[in-house]
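One chain, chain A, links the two complexes that follow: it is found with chain B in the first and with chain C in the second.
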Partner chain A sequence: MALSVHKYDAVVVGAGGAGMRCSLQLARAGLRVAVLSKVFPTRSHTVAAQGGIGASLGNMDEDNWHYHFYDTVKGSDWLGDQDAIEFMCREAPKVVYELEHMGMPFDRNPDGTIYQRPFGGHSAKYGEKPVPRACAAADRTGHAMLHTLYQQNVKSNTTFFVEWMALDIIRDAEGDVVGVTALEMETGEVSIFHAKCVLFATGGAGRIFAASTNAFINTGDGLGMAARAGIPLEDMEFWQFHPTGVHNAGVLLTEGCRGEGAILRNKDGERFMERYAPKLKDLAPRDFVSRCMDQEIKEGRGCGPNGDYIALDLTHLGGETIMKRLPSVHEIGKNFANVDVIKEPIPVVPTIHYQMGGIPTNIHGQVVVPRNGNPNTVVNGFYAIGECSCVSVHGANRLGTNSLLDLLVFGRAAGNHLIETALASKAHKPLPANAADYSLARIAKLDQSNSGEYPQDVANDLRRAMQTHAGVFRTQKSMDEGVVKVLAIAERAASLSLKDKSKVFNTARIEALEVANLMEAAKATMVSAAARKESRGAHTVDDYGDTPEHPLGRNDEVWMKHTLWYSEGNRLDYKPVQTKPLTVDTVPLAKRTF
Partner chain B sequence: MADKRTFEIYRYDPDKDAKPYMQTFEVELEGTERMLLDALMKLKKMDDSVSFRRSCREGVCGSDAMNINGKNGLACLTNMQTLPQKITLRPLPGLPVVRDLIVDMSMFFKQYHSIKPYIVNETVAPEKERLQSQEDREELNGLYECILCACCSTSCPSFWWNPDKFVGPAGLLAAYRFIADTRDQVREERLDNLEDPYRLFRCHTIMNCVDVCPKGLNPTKAIGKIKDMLVKRAA
Partner chain C sequence: MLTDLEFSKLRWRCRRGFLENDIILTRLLDRRGANFTAEEHEQLLALISLDDNDLWEIIAGRSDDFPQGCNGMVETLRQTRVNH
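Then we have the complex of A and B:
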């Protein structure tokens, strides 16, 4: 059967902040670019980001990129690559100003400049005091940014393939990436996208956990495709728990609440963060705050009849500030917790929020893998940007507002790199003869299935296992058990049954295809986590506690290195952290206190 | 306590159905299934062929708009406690049905695109941000928050009759968002683009759009402001 082949200079998979910042750069330069998205672009998960974009504009108080750089390295628990972090923090003001020029409706100060609010882990003078660095549009920053980027892409005539799901990467005999296969949801037909370059901007895999702030679409599709194509995944053991997910609902309440002055309280009404982080208090980084909350709950100071949550108190901010700066938080409180946050505290718990790891890349967004002794050999024709990538600017823990920044900086950088390397004048490499066979076989297997498990039952078992064995506090024993369990569940996922065999907008088929991607992301997470025998950032293991040799359980002699997980045989490899920035001095290792 | 609900759902799969029909489901809900979307997810576990769009499940992505007991809304923001025992779900009215509760939104987005939904400012950009006063920025509140769910336009009789010619409430709200932005330089062209018996003036202030907007926005008010500007311009 002859499949239709779409030919473009560049194919971007994913229409969130990173994908659309990149496609905009390419479309403006006159390249033929196609963007594939499972959902209409403005429905991508960037839309849910609330608090702000980190950039040292210094509009409210003295700030500069050196402070931002230091905070990000320290926030990453020294696992972030300092060259990439320097690049991101230096570029930050520029990409924010550009976004403003594109029409982003930022809130304003009396002098007309962009409004900025404090955020967790962002400080002035190397940790001395919190600094307002988060450039915000109320608490809808992600929504405003995503819509602005979509609008600019409309202006630049970017070609969108809306409600198309990418299935697999096409690599030729030399291992270069020459395209992707994709399924048009409305018709159920598979096509080939033949490109000089494929850019993944597919977002995170937060849906591998049972309780997550993430949208249903965040199933790690890019990770699954990369893993199946033999590309390793980096640092997948590091998952951020956001301190303030609504108890029993999972919906996120922005860190901007605390940026505006909200306080976390235990059942005694105590502002307990003062005890743990005397300088930054409630605005310590997320991994740190989440652990403190968990500690309070464990020691019997949790709130509620079961003592299983913490109270986020906004009542002292006043109705006017809340309705002006945090209107969505007010709306979410009402809809998902039946709480008026102006009048009473809202129950929150640390909730899975963000994937620090991903497809390994360099600062141009090019995917890099170990080959012939070089741990960072470029895979020709393949880029990854945004949450699906690991460049690595977030290391073991991301600072709030650095995610939107990451999308803008690296989306733009990848686009620029393609333009600078004269993509337009390059020729397409030929497609291999069997380009779509693998994808078609996967679809055919589902279409012919008549016995086997229901995809969502398997996925739900996976989510429960991940929640139990790869949660906020980890133990070696539990992680080891988790590996056995997750690998067993992944076996079951190999034979799924689809009842609905219709071709037209078959969401059951889409979900079944997503399950294959969830499995790769979950295996990568569980196997990488069980192997890392230390505590660092979001990976906190009870067995590796605070000792004089290893402060806070971090073992730099052995474990200051990036994990690389390969799907085939669940093999692990490691590569060094880049401790040398581009132009400034290395931030030396230190114990992380706030 | 068992909470047993009856769902009447519009079903149509062009792959196998000659015509649409209504199908009845009985679903028993747990306390944790708080929103209509939670109930729908449970229903999909019973019958995986029931088709609808969904993503963020918190009212910001705009995917799960549908007609709920005769009124358009988002499934993820509709609390089950506000619904009666029997719930009738239909696709958004006025747009072609792709399958079940999934509609073809091309016409809706075509109208959104027709208003040039992007800032136009051809002056050389400054090194830093373009300054905007707090008052000027406040003009954008109630406009930029639209999530393009189409609840409003598909509840508007004027849009049902002329979806190819009338911009519709969502598109006009967006049009005013750019007209009102002090950074935009083509206000007159934007007004020219709307000065037409159909594009703008098909709005007869029926105000269904205001009634159904899940974000509490007011397209009718924005449309009124555009009409005022056109009247003033003509005077």
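Then we have the complex of A and C:
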């Protein structure tokens, strides 16, 4: 039976902030744009972003993009590409004002300018003093952004395909991307989207970890598709953790808890942070506290019957203070831990929050791969933006508020690049004869399965393995063991079984397809992490500690380079970090201290 | 009792943009399976058509700004929230 073919100038996969910012740019230029999304656009994970958008508007205090640039390079532990970081920080005010003009309800100062709040890691005068740089819409910044962009897209005639899951990239004989295959959940049918370009904005893969703040939809679909199509994944060993996610739920407890005096305790009731950070104690930086918590658990001092969590104690603050200053914490305790935090400690664990790596791109959002000696050869017709991409502005550690900024700047830049390179006047490249064969074979295999494990059982084992071996506290031995374990789980994932073989809205089948994507993201993370023999940013390995030659374990001579992981052959390659910005001087290497 | 198709659709549409809603809605579906009356089903569909932030405000009990006739399901969701 012939498959339906939908023909568009551009197909955007993912309808979060990055996807919709890009589709808007294209639709406004009169291009025919399709946006595919597993869920209704305003229910994309961008909705969960609360903090704000980093931009040096200087509305509250002296600020400029040079300071923002410096903070971002330093935050990235010098793994971020300085050309991309300069581009992002220079564009930041522009994208914020554009959003304002589209109707985004930013918080205001009395004089009508956009209010900006302070955020960790943002400074003026190159680290001299904190500066308020986050532009926010109360604690609903992501929500307001999604609504603004969705309304503008509808007005500009973007076509949305909601409850469609993209399956695989279609590449022609020259390796150019000419479309994607996608599954319509309502019918269970596979279609081809034939396009002059395909843009991935599929978000992160935070669900590869057992403890994750990410929504259930974040299964790394773009990463899986790219990896299966022979595209490498960059710097996947770098994941940002948050220290106080509720055990077995992932829901975040605000850093304000510790600011108000909450104490982290081990099973003996000990305030263990006094041992690790005698001065700052529980208020030490996020990544440091996370690693200490994990160490306590790994050394047998975790709480609970399985010794697998830490107790966050607020009881000494008193009910009145808790209800006045931390009402959301009281609510979360009740709803997700069955605990009254006024009376007893709440179980917490370091929880995965953000993926720094992804599909390698340049500052136009074009996907780039090593070819013929050039580490950044463009893959024609293929773009990636937002958390699924690695441009790389976050390097080894992301600065707060730079995630929403990344979506806006590079979503817009990708759109502009396509317009400037005259996409409208280009012809579609022909589809290969076997365009959908690979996807159809994957689905047929699932439909014909009569033995094997259920997708969720395999996915749960994968999450546990990733949590244990690629969590916040890493040792070389544990990571090496993790590689073996994850590759063994990948074997099991290759022969999943479905109980339900129906076509229409078969969620088991969709989950099985998601597991295939999770597997690629997990393998990339585990293998890349085990190979990087240093500590840098979020990748901190106990074996590579602070020495005079390698402060904080960072080994710039050998490891100041980007990792590239290929699914085929499970192999690694590396490429240099771009240390030269576009117009200014390089931020020279230094020890990352605060 | 929902049909298999109705239940599958419901389960997928309970996939949300943020984790809090994912957890409470999944908790409800895991407990009840397909055992929803037609009226409950209708109410739940109306509620999950709301934006995530608005839905969470309702589930958390901070807002009563929900579609008319959904009182029963709102109460069920609030109970699901507090009863682990």
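Here is the rule we go by: the second predicted complex is superposed on the first by the 491 of 594 C-alpha atoms of A that agree within 3 Å, B and C clash if a C-alpha of one lies under 4 Å from a C-alpha of the other, contacts with A are read in each partner's own complex, and residues count from 1 in each chain.
In the analysis below, a contact is a pair of C-beta atoms (placed from the backbone, for glycine too) under 8 Å apart; a residue touches a chain by one contact, two chains touch by 3 or more.
Remember, it's a predicted structure, so these values are computed and weren't measured experimentally.
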item: Fit or clash - chain C, chain B, common chain A; value: clash
item: Partner chain(s) touched by A:T113 [first = chain B, second = chain C, both, neither]; value: first
item: Which of chain B and chain C A:Q456 touches, first, second, both or neither; value: first
item: Which superposed partner A:M102 touches (first chain B, second chain C, both, neither); value: first
item: Steric overlap of chain B with chain C in the superposed model, located at which of 109-117, 127-135 or 145-153; value: 145-153
item: Chain B and chain C footprints on chain A, overlapping residues; value: 39, 42-45, 47-48, 140, 143, 147, 215-217, 249, 251, 331, 335-336, 500, 502, 504-507
item: Residue ranges of chain B in contact with chain A within the complex; value: 13-16, 32, 34, 44-45, 48-49, 51-63, 77, 79, 98-99, 102, 105, 109, 113, 116-119, 121, 125, 127-134, 137, 140, 144-145, 147-148, 178, 181, 183-184
item: Of all residues in chain C, those that touch chain A in their complex; value: 4-5, 8-9, 11-13, 15-20, 22-24, 26, 51-53, 60, 81-82, 84
item: Residue numbers on chain A that touch chain B, as the complex places them; value: 39-40, 42-45, 47-48, 57, 93, 96-98, 100-103, 105-114, 137, 140, 143-144, 147, 151-152, 154-155, 186, 215-217, 248-249, 251-252, 328, 331-332, 335-336, 454, 456, 498-500, 502-508
item: List of chain A residues in touch with chain C within their complex; value: 38-39, 42-48, 140, 143, 147, 163, 185, 212-217, 249-251, 331, 334-336, 338, 500, 502, 504-507, 510
